[in-house]
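Two complexes, one shared chain (chain A), two partners (chain B, chain C).
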Partner chain A sequence: MTSTMGDPAATPAATADLWAQEREPAQKPEEPSLSAGEWLGRNLFSSPVNSLLTVVFTLLVLLAGRGLLNFTFSEERVWRAVKTNMRFLFTHAYPQEQYARVWFCVGAVAVLSGLSIGLLAKTGRGISMKKLSMNLMAAGGAIAVGILLREPSATVDSEGLVVHREPGTALDDSFAGWIDANSLALLGLLLAANVALAVWFRYQGVYLRGGPEPRTAHGVLVLASAAVLIVQQYGEGEIVRESFGSAMADRAWWWLAAALLGAAGGALWFGLGDARRRNTFVPAMYVFFGAGALMVLSAWVYPWGHYAFLEGEFISEPGSTVAMTTKLPWTVMLVLLVASFEAGRALRATPAGRRLRVPLNLLWVLAPFVLYWAVLRDPDLDWDHVLSTDIPMALFFAAFGGLAVWFLAHPRIGEVGRVIAVALVGVAVLNWVAAFFGWYPMLQKARISFLLLAVVALLAHNFAGDRTHRMRLVVAWVAIMAVFHWLVTLVNSPSTVDTPTDALFGGFATTLTVATFTLLLAFPMGVLLALARTSKLPIFRVLATAYIEVFRGVPLITLLFFFVLIFNLFLPGGMSLTDIAGATIGFALFSAAYLAENIRGGLQAVRRGQYEASDAVGFSTVQRTLFIVLPQALRVSIPPLVGQVIATFKETSLLAVAGMFDFLRIADKVISAQSEFLGVKREGLLFVSFIYWIFAYNMSKHSQRIEKRLGVGER
Partner chain B sequence: MSVSDATTALTEELAARDDMIVCEGVNKWFGDFQALDGIAAVIKEREVVVVLGPSGSGKSTWIRCINRLEAHQEGRIVVDGVELTNDLRNIEKIRSEVGMVFQQFNLFPHLTVLDNIMLAPIWVRKKPKDEAEELARSLLERVGIPEQAEKYPGQLSGGQQQRVAIARALAMEPRIMLFDEPTSALDPEMIKEVLDVMKELALSGMTMMVVTHEMGFAREVADRVIFMEDGQIVETGTPEHFFTNPQEERTKLFLSQIL
Partner chain C sequence: MSKNKRPLWRALAVLLALTLVAASCGDDGDDPEVTAATEAAAPETGDEEPADATTTVADVVDDTQDGDILETILARGELNCGVSGSAVAFSETQPDGSQTGFDADYCRAVAAALFGDAEAVEFTPLTAAERFTAVQTGEVDVLMRNTTWTQSRDTEVGMDFGPTTYYDGQQLMAREGDGFSGGSQVADIAGAVVCTNAGTTTEQNVADAAEAAGIEIELTTFEDFDQVTENFINDACDVITTDGSALVGRKANQQPAGENWVIFPATPISKEPLGPTYGQNQSRFADVVNWTVYATIIADEKGITSANVADMAANPPDAEAARLLGAADDEQQSNMGLAPDAFYQVILQVGNYDEIYSRHLNPVGLTREGSANAGWLDGGLIYAPPAR
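And now, the complex of A and B:
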């Protein structure tokens, strides 16, 4: 200190040195991953209460898992019923010789998905090797635990009948029998030991020190309890079951799978080392593709068995691989998915890729209509009518409307535009009034076209601009007319696909169709209702509020009964709704009310300042709503919207109650009525639940990703 | 030149210019509370007017009445020759002539900086997209942040956001700019960058009406200072006159509290 004070020249330099040292950018210390033991100690056994909760809930999970496994893999389960009826479950009566159409639809969705993910998805860094290897090891471990937990198979005699034990000769003398007889007492003892240990460690202060003793001691006791749960099943009941050795040998394939998964995970984990494990990433899609490829490969290699119900005959060939009609299409689907994903990624950075984005999203909206009405139904077009009426009418509306749009989108159209728009609205309204009173005949689609034109005319001045801009509007209008008239023509043509029932198909296809069309209808309705409910115009506000409150107050099943069973009675003669159309309308009206409330929440979350800023730069109300308010409102309401989408998807199972052959009804009623599988229901129901879960879970995951991705632009 | 000479010279020069904003007997109530009480003022072309006053004095309400974010209930407001009434066409016309900058920036968070600036020229002014983009980029250059064009507002600092907000308002090529406490929500070190942009704008001849607490800005840039209290205009004058020789007792009190 004195030396620095005594040497004034040295002081600034010394200080500068000190600064230089301090300004060295501090390296964030790498936090090493916790070892398994440390992780357990910190997360599961960190205090007496946590330890006991861990013990109790581990036992509960093991018990529940054992129950599920024993239910699923029991000899009493007739999984053949599900395997045989796959086609029924997914499409019901859709004829097998037309199945190429179904596969075309699946393929189209695969290609669209692949392209969208490749082109649009923000994939982030992907899955870290640490997570991947951990998940692989966890999957292997779960399979191993499952193999042990599952009860041994019943022994069958030469005639294939289950061998029962003679009364009074339970296996009391064996070790397993002893454990079985005393299992409750043993579990109680182990639990008491856990409690005692927790208390003891607490008073020794071991938890505070964070020593390894609690996790070791509690862990041993949990393993012992699990062992009791496992061994207990080998001494149980009046049915003679195979021995431990043969049970394990029977599950050799499962052991192999567990070993492979565990080994792969372990190799990754230990082969990479801590730093590389955490800093190496694989794209999530490749993991998904890898899993898909394994499954498709197994269809070619592993003898899953060939089961089918064809032309009234039940086919059952347990030893063979799955049918060519299954494994070949799925292989093609996977190839399509991977190829389109790679194509999307390759196009991503190119100008062509950027131009593809909007059409791709439009294709998603269009796909359900085209796939259902054009591909699956294969309409039988009446070409005379098409040439004499449909095409001329479409051309007329395209030309007339195109001119109107071109004219009305002129930047200086002013009052003339408003007058013309109102005149068009007048014509459109007159057409509908005329329809009501029967003044003059007119095709329904002409009325709808006029109405669309009137709406576009009313909005046109909001989208006015220079020549290229107006040209784009005209092209959009012509495209809308082309698609609309084409779709109406398709809808009006009878189907050529020959089905034994009224419906084109049933099963999961119905579920998907109703859910998709419901959302396509309900979403715009919901947005309009929400806007109307927050509108300044009292008439809109009252109408929207009344609608929403009425449809939220009526049970969905009532609406379904009305639209599926009763609605046709109210329609004028000659008109009728198919079940699927009625159900879709009922669902859409119902969902729209809920979606509207969710979106209204989003609208209210948009700050006042946003409205003021939009007004201050001179936006009209329509422009403000479309460009500023709705994008922000919809973003905020994504989580509840996805919740509603999932709910709608699952609620389609109510179709079974309304008498339609949906996914649930086939599992519940159709399979259990087949001569081969009389009364077999549980397998089908479990399978149906599983498929519903897969879809709902994926939607929920997807919504989380969307939320994250849209969070980018947030304040 | 004495203060009174300067004032006279300014008054004569201003009288020759066009009226941009004319307010006559403007009254406004929020419920029973009278927010504006007989406001009468004329703002000339290329004039920079700073409105001062304690909070709650009606400064913001007045400036918001000028592009009809708030509606006045009595009196006349004429902006660039168009009277503000409930007629939608007048409101649309005035809003596209008057740019506004808010205390809270109010940028559109879901759009990039470039889109924030381009959106109104494209859809309100009906400009072709490439022209609008060119304009937006040149405005970003003018406010000194051309490199931030592709970012989202949430990724910018407060000062940068406010400069984008100024660029957004300028993109409509307004004849009048209104500033409603543009620096009040900013950290001290960011206030200067926004004031610099505003000074540059004032020097370029823009008609500006600025509600602010930045006395330095008022002194340096304003042609005229208007002091408000309780919804009334208490005193008007050149900055020199206002800061050195205030006439009204209330003005003196206000100045003694803040200077």
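And now, the complex of A and C:
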């Protein structure tokens, strides 16, 4: 792995970008290098109280870890239920023969992520070799401790049932049996010894002197307590368990993993020497890729088992590696991610790369819509209708609107432009009134297009300028019309992907879809609401305040019940909202109110001087808001905004309560009702929590990086 | 120049985002129209969407009338069937998303009668809370979802009920090691910790039964029946109670080795007739659902199975079978708005009552012999009016 010293390309690019002003971190004083023993002495065993707290909490952590490991790896856990239902958990009933579409979507996101990180992200210096090698060794050590802590496997008979010991033949006469029988007394004794030692050292003044005795003595006692916790399990209870030797032999793969990680960390640590480990850096993404590569490799090598449900038959092959339909796509995904990241890095310094930035951000906004309506649904376009109606209408609006915008953005248009724009707005509003009363039958998208045109016409004078500027505005309008009409046509076309239920998919895909679309809807709404609430116009202020207070005051679950179950009753006959659309609307309305409050906080943090300065240079209200106030306000409100994003992502599990087949509902209710896995529930719940945690943790980490980059809290 | 360029692009990006918001709102505006266009038998939504499947049924049905759900379904070409999706042996969702079970097969049977294709079903898994709303909003046409036929649901809630396909009833389950047997009575559980799931009528039923028997019990409730079973296995409950069909499923799958669970009393403490449920005042659709169920029962009586139905249609054993299978001129299926061979397709593609029952309920230990679900000739309650 090559090491690079930061990224030279980042600096020139950064100066051009208002959003990414990177500040040189203040030089911290160099910390002295401590040996492991010195570190322990200073941080964990520096006083009698510290020593005792360390001992007690180490034991508690070991106990909790042992409990979790034994729960996860117990013979009673039916992990087969989760493995067999893996695809079901993530996409519910999405048909397997169409699964390439799902992988295409994952691939598209991987390519976009890779390009964005390579091209846009300010990666900083990366991870130092010191930190990397320490983390590798820690991971190896944690696995080793885990292997030792886990209880020995129960013996299983030919039918897969756990073998119980005959009553009255406990292992009390063996060493492990004796430890088990007296474990509480032994642990109490060790704890008392710790207390006694702490007191003794205190009066001898050893702590003040900083001598090595406390850490050695307390450390030995901690190890002895851990040994009791481990050995105890080999003498335990009614179930016949394997011996220590065969337990360790069974976990050979894990020993191998621990040894490899530890050896890699150790090699880096001792191979580099103190100065080089501190001053050599690896880009964080390479570490991530390395971890990903290890996981993908394990799918090809390690017998995770192959479990599936194909054509009505349950397939269960514990000894084989995972199915080709799993490991091959993931390998491709990793390759795509790495390749696009490298491509992004290569393009970063070039002019082409700089030109790619805006389109890339636009692609992120477009991707959810395109992937959902064009790829996953595979719309069955009615070409007669497309050619006779859709394309002509799009062309008409592009041409008519383009001309209007070209004319209205003329620098000398003056009041005439304003009158025309207001007239357009009037027509657009009348159009909707007509729709309400059903006067002129017209396609809904024509009405929406007209409304959009009216809004752009109102804004046009802000972008007045010479020919090139006006041309750019026209091009943007035509692009908007093309994308908008294309998407509406896709939305109106029936899906060729046929699932046995009315939803296109469920499970984690629903969670992600609802969360993504909620944020896409709620962010603009939140910004508008925040602006309205801080507006000088009383009507906006009152309306926005009322909205925010109402939606913050209503429980989210009530909104969900209303939009998923009840809203359809209020719609005219024949109309109905799909569950996923209803849920998204409910979430968006709710999140918008919270986001608005977060953004309002940011707006209030923008100083008066900024407003006055922009007034002084003659900015209009729209220009001031878009270019001066909002960028600063949003930067300040990043931490609460990300908090809201994470909350929304996790709150999608409420869909289960509203009767939708989201991730949680499948794990909780559906799998446990399959007669093959009747009542198997804990495994699914543990797995679901783990996946939620991975996503929420990554979002939180990412927001911390953004905060650091934008200097939130420093300025 | 490049300094001016950025804000403009950024503003346009914001605009585009707003457009897309409008587009997705447009979806909410437009989608219902699509639904309306495809659901309405006579499309009148202008040029928005072409309605396609109206021609195939036009010659079969003559008395087209507004608001007849049968016309809507036939025009749609697919039956929307509400199921539980998490009821063992009745409607289980398998790892590939498909529905299997007794209820799911009755959905398929109705689809086979309507379209000659048992796979023309769209299953909508529903919770107990949303099932009636789903029928009232037209999200599903029929419920095959373990719904007990009660007076209030038939009247106040505004449902109509088809013939009972499964006679269930609440029973108790306890360990044989605690001195219980299949012959135990409610009076034998005096002083026991009885567990069930909260918020259902099962709680009330067992309390009533205990009071009637003059005994005291300690009633504990849990959120769902998985937890109830879990606590029973861990000895936190002496007796658990719910519908007999669910108890048998639990016993078949979760009884630990070395233990024997027994279900009693032989006569359940409540009546839970389960069958198809649909919206009120839709007689023509109700007829189709009801007679699909009756056809499976009559076929069972006459020994017509999916294996021999082709022979039976070629050489009908009697006039009734000939009519039912569409092999006689005086068949009644055409009068119902169906194809003459509608029930032939039901038996061929799904099977008769006994086949459907045995396929799904025998593996979990529910047998017909001696239960209310035996045919009327064998002393049970499964009975169908004559097809003539």
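List of remarks:
Operating definition for what follows: the second predicted complex is superposed on the first by the 674 of 715 C-alpha atoms of A that agree within 3 Å, B and C clash if a C-alpha of one lies under 4 Å from a C-alpha of the other, contacts with A are read in each partner's own complex, and residues count from 1 in each chain.
Here is the rule we use: a contact is a pair of C-beta atoms (placed from the backbone, for glycine too) under 8 Å apart; a residue touches a chain by one contact, two chains touch by 3 or more.
Bear in mind the structure is a predicted one, so any value in this text is a computation, not a measurement.
Legend: residue contacts after superposition of the two complexes on their common chain; A:411 is shown touching chain B, with no touch to chain C.
In the superposition on chain A, A:613 contacts chain B only, with no contact to chain C. In the superposition on chain A, A:492 contacts chain C only, with no contact to chain B.
In the superposition on chain A, no contact is made by A:74 with either chain B or chain C. In the superposed pair of complexes, A:463 makes contact with chain B and with chain C alike.
In the superposed model, C is the one of chain B and chain C that contacts more residues of chain A.
Of the two partner chains placed around the shared chain by superposition, neither chain B nor chain C is touched by A:325. In the superposition on chain A, contact of A:627 is made with both chain B and chain C. Common to the chain B and chain C contact sets on chain A are residues 462-463, 465, 469, 627. Put simply, chain C touches chain A in their complex at residues 2, 4, 6-36, 38-40, 46-50, 80, 85-89, 92-99, 121-127, 129-130, 133, 136-139, 224, 226, 229-230, 249-250, 252-254, 257, 363-364. Here chain B touches chain A in the complex through residues 67, 69, 92, 95-96, 98-100, 102, 104, 106-112, 119-120, 122-124, 126-129, 152-154, 165, 168-169, 172, going by the rule given at the top.
Within the complex formed with chain C, the residues of chain A that make contact are 16, 18, 84-85, 87-88, 92-96, 161, 308-310, 312, 358, 361-362, 365-366, 369, 382, 385, 389, 441, 443-445, 448, 451-452, 455-456, 459, 462-463, 465, 469, 472-473, 476, 479-480, 483-484, 487-488, 491-492, 494, 499-502, 517, 520-521, 523-525, 564-566, 568-569, 571, 573-578, 581, 585, 626-627, 659, 661, 669-670, 672-675, 678-679, 681. The touching residues of chain A, when paired with chain B in their complex, are 411, 462-466, 468-469, 607, 609-610, 612-613, 615-620, 623, 627-628, 631-632, 635, 712-715.
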